[in-house]
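The same chain A turns up in both complexes below, where it pairs with chain B and then with chain C.
Up next is the complex of A and B:
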């Protein structure tokens, strides 16, 4: 299955992936209109320290702890992609506590949010991958 | 400093309706033009620091930025332009020589733009390159002067070493130091993928790139930086750099700040020490001296590699080329006055040297008149901007062209001409690690391959239109060229007729 991988060697810490992620989830056509005067809450986040930076988003684990610990069945895995059903989520945040990567976070509308590989929004390639100016985020099949 | 006489050349125009405050402009500007004010949630900028490199413009996700020419003006004066006045102010302030980068931008004629190509109509068929084979392959090197046979009459192979290229283009010399590791890697990988060559420039060859040796020209220049037997034998050809189009008659100076770590090891000089290439080679004061170096290099590489001698296009270029052809060199490279540089004194760059088109035409004619054109191949550089320039150069007598500025543009260069500052926002002309990583060679080499693949298609289209199916048949074929807006003398030197003739 194709997943999002990050190569910190080429990550510039420009944070554009975060903005493209936030834009992808906005259902707006124009980025300026979507994100103007808004504090974004993206599903991919740049970690940086001492000149090293890289983007972190859901790894879509084969044996996902978040799905295992979800008390309402809001998090499910199908075809390898872990998605959230916001109607079922009761915001207990057990998934947030259990995710070893910190890739699940509270959303602005009460439920939790996580990267869903843009399956619900974009066509084909996730927005962060398309928006990365230096090829540091890739979407590919690895063993 | 009490008073700054100079008003910024550019202004950063920000459309606040579109700016989302993502701060990518701030994070990506090594010149620290942009700043985010947290208390007012607003981006502000200092125009005076802007070099107009377009990094922020290109990366801004909402297209909220553009760079505009400053509207500030001095009282209009044809003789004393604003640029002239500012340069004078700068020197009055600093007391120093003005430095510039990249090629001569001044308003001199561009002869390529005054030459037009022919095409077949009715009486001779044009060729469709999509349906019929077209040959763009070229071989560079001295050609045999006579046919030699053994006792039984069989023809002996007396072909001197040749360079074989898939198309008549090579990447010209840019040293590791003047450009980054990632820029070099992009050029090397693109050369391998395209079946052409790139040139190390005078900075030695990084140990990681020896594996691209077949696609490498190793350069020996007046500073002899990074030269050792392994280096000489690692490439397909050796180039002796006598001059550079951007700065004929003077040497080079790579500031100590750029001599870091690997650059120092590759150049074989201590870290932080300035790399000064003298203006002349201190062992070359005549064609005979040049011949000694040519043969020393041939001896060192067992006569297996062609030797290129590169000169700047200057007034007596044709005579100098004739001497070089007789010095034993296999290839002459001529660099026109528009050629690029990582740093040159502005007055030298803008006022020394001659146009490559005239230098090429004069050299090709001189060598043919003397009957020694086959002794050498001619490579020309100094602002080859498109496939049309290549076709015109070949028709004027070049065997091949060198491109460098065009290659850097493909890698992201926006010709801001600030290479000498060492803070290239595109990761090309810098050694600062966080800037160097902005050029991912995986992306860079593909863009170079795309560019030259496109040019190759266009060359074939133009050749086909002229009814020519091999680039060799176009070489020196000046009947395919006509001049516009040129006087008798210019036409005579170019060896072409005026349009309509």
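Up next is the complex of A and C:
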């Protein structure tokens, strides 16, 4: 299946992926209006140090520790995509304890959040990938 | 192939899902002595808090058994005849198996305290039925005494605090959450809980009960209306007495096999290797239970699976204060106090950690423990301050972010 892959060589550290991610989750039509005056809490996050930067989001592991460790059954994997059922999540953070990439985080709505490959926004390509100006984040099939 | 699973919680469900990864058609029977759909045991405190309903407590969806072609048998397995591969049921029926998983869980330990039989409203806090019974007696003017300041006792306290007049938690240990926190961390969490209205009596034990009064060892007394016993759990191993090797729990290997042929075990009833300390121990934790169960299921169905990365690990929160801990706490210590953090390391390995408050990216630390990552292969100074993939070498990051994901 197609996944989000990151090549740090091309990452500019511009953080646009974070803004596109936050916008994709906002249900708003206009990006500027959606993000005006808010501190964004995106599901993809840039790590940067000494001129090196790269984006980290859910790897959609084939053996997902977050799903196996979830105490409520809120995290599930279906056709390779790991999604969160916010109704079932009680924010115990066992997934944050488990994820070896640090790709699950607290959200603003009482449940955890993670990249769901924009499956809920019905776009063919995840917003971070579409928004990356330098091709550092791609969505493709790799063995 | 006839698969029988004794236990309908995380380990049992993990096994059923593991079997179905390999074998779509074999007969699976799950035997449970609880009259419920599979539910998440740790959610019973959230139920009393009103944060979940019984419907939302379901660990798997309502059609789980039908979708996976599983027969759910509400009965109690009373005896196993490993010679003829048969299980005796409490209603005097029998069930035969080709491969058996014992995922019988653990039971609340009830300490033999003098006069306990004189206490009318006393409860343990392990099951949905325990929670329902406790729920019935919760009234605003009642005083609650909880024996045990561990995970179970304190989650119970959080769950019922708003529904009673007073809660006192008593523990033999000098600090709360003694199995997962160090002194300073325990003090911090205790202060938080006290600020919410929970009272503590630590380094104390009950000498005897006289109806609604607990007489402590030192002679002090505590009056209460409701008693909750949360002093610990004991693995349910009896079914395999004389059949498989048992220490404190049923001994299993990395394939979740017991010493008896075609009998597997997983979850709270077992004892297994903690890779963070190198010790064999019982680790009654849901994530390990699921992964041991899944591993058992895959192997029962003829697949190949090892689960050899069990470590103690807990994510727990009280009134919005989050705590994540893992591993064991030996070695040198890296400490931060503003956002409480303790990392314990020795011999080039991370052994354990405690995070209170800011728990962001805790899984990076968990992974270093589970994988026994040599610390000289990463930027340990950086990862101490800021957990992240940046601490890894570029080539390792390329694999992690560019493919080859778990």
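Everything below uses one rule, namely that the second predicted complex is superposed on the first by the 142 of 143 C-alpha atoms of A that agree within 3 Å, B and C clash if a C-alpha of one lies under 4 Å from a C-alpha of the other, contacts with A are read in each partner's own complex, and residues count from 1 in each chain.
Note that in this section contacts are C-beta pairs under 8 Å (C-beta built on N, C-alpha and C of every residue); 3 or more make two chains touch, one makes a residue touch a chain.
Predicted model only: the values in this text are computed from it and were never measured.
Engineer: Is this a clash or a fit when chain B and chain C both end up on chain A?
Structural biologist: Superposition result for chain B and chain C: fit.
Engineer: In the overlaid three-chain picture, which partner chain does A:87 touch, first (chain B) or second (chain C), both, or neither?
Structural biologist: Touch partner of A:87: chain C, not chain B.
Engineer: Please tell me which partner, chain B or chain C, touches more residues of chain A.
Structural biologist: Greater contact footprint in residues on chain A: C.
Engineer: Once chain A of both complexes is superposed, is A:61 in touch with chain B (first), chain C (second), both, or neither?
Structural biologist: second
Engineer: Look at A:12 in the shared chain and tell me whether it touches chain B only, chain C only, both, or neither; answer first, second, both or neither.
Structural biologist: Once the two structures are laid over each other on A, A:12 reaches chain B alone.
Engineer: May I ask you to decide whether A:105 touches chain B, chain C, both, or neither, giving the answer as first, second, both or neither?
Structural biologist: Touch partner of A:105: chain C, not chain B.
Engineer: Quick one: minimum Cα-Cα distance, chain B versus chain C, in the superposed arrangement, integer Å.
Structural biologist: 17
Engineer: If we count contacts the way the header does, which residues on chain A are in touch with chain B in the complex?
Structural biologist: For chain A paired with chain B, touching residues are 9-10, 12-16, 18-20, 23, 30-32, 35-38, 51, 131, 133-136.
Engineer: What does chain C use to touch chain A in their complex?
Structural biologist: 10, 14, 40, 42-43, 46, 51-52, 56-61, 286-287, 290-291, 294, 313-317, 322, 324, 326, 359-364, 366-367, 370, 382, 387-390, 394, 397-398, 400-403, 405-406
Engineer: Write out the stretch or stretches of chain B touching chain A in their complex.
Structural biologist: Spelled out, the residues of chain B in touch with chain A are 17-20, 22-24, 27-28, 41, 59, 61-62, 64, 433-434, 437-438, 440, 442-443.
Engineer: Which stretch or stretches of chain A touch chain C in the complex?
Structural biologist: 3, 5-8, 47-49, 52, 54, 56, 59-65, 68-69, 71-73, 87-88, 90-102, 104-106, 142-143
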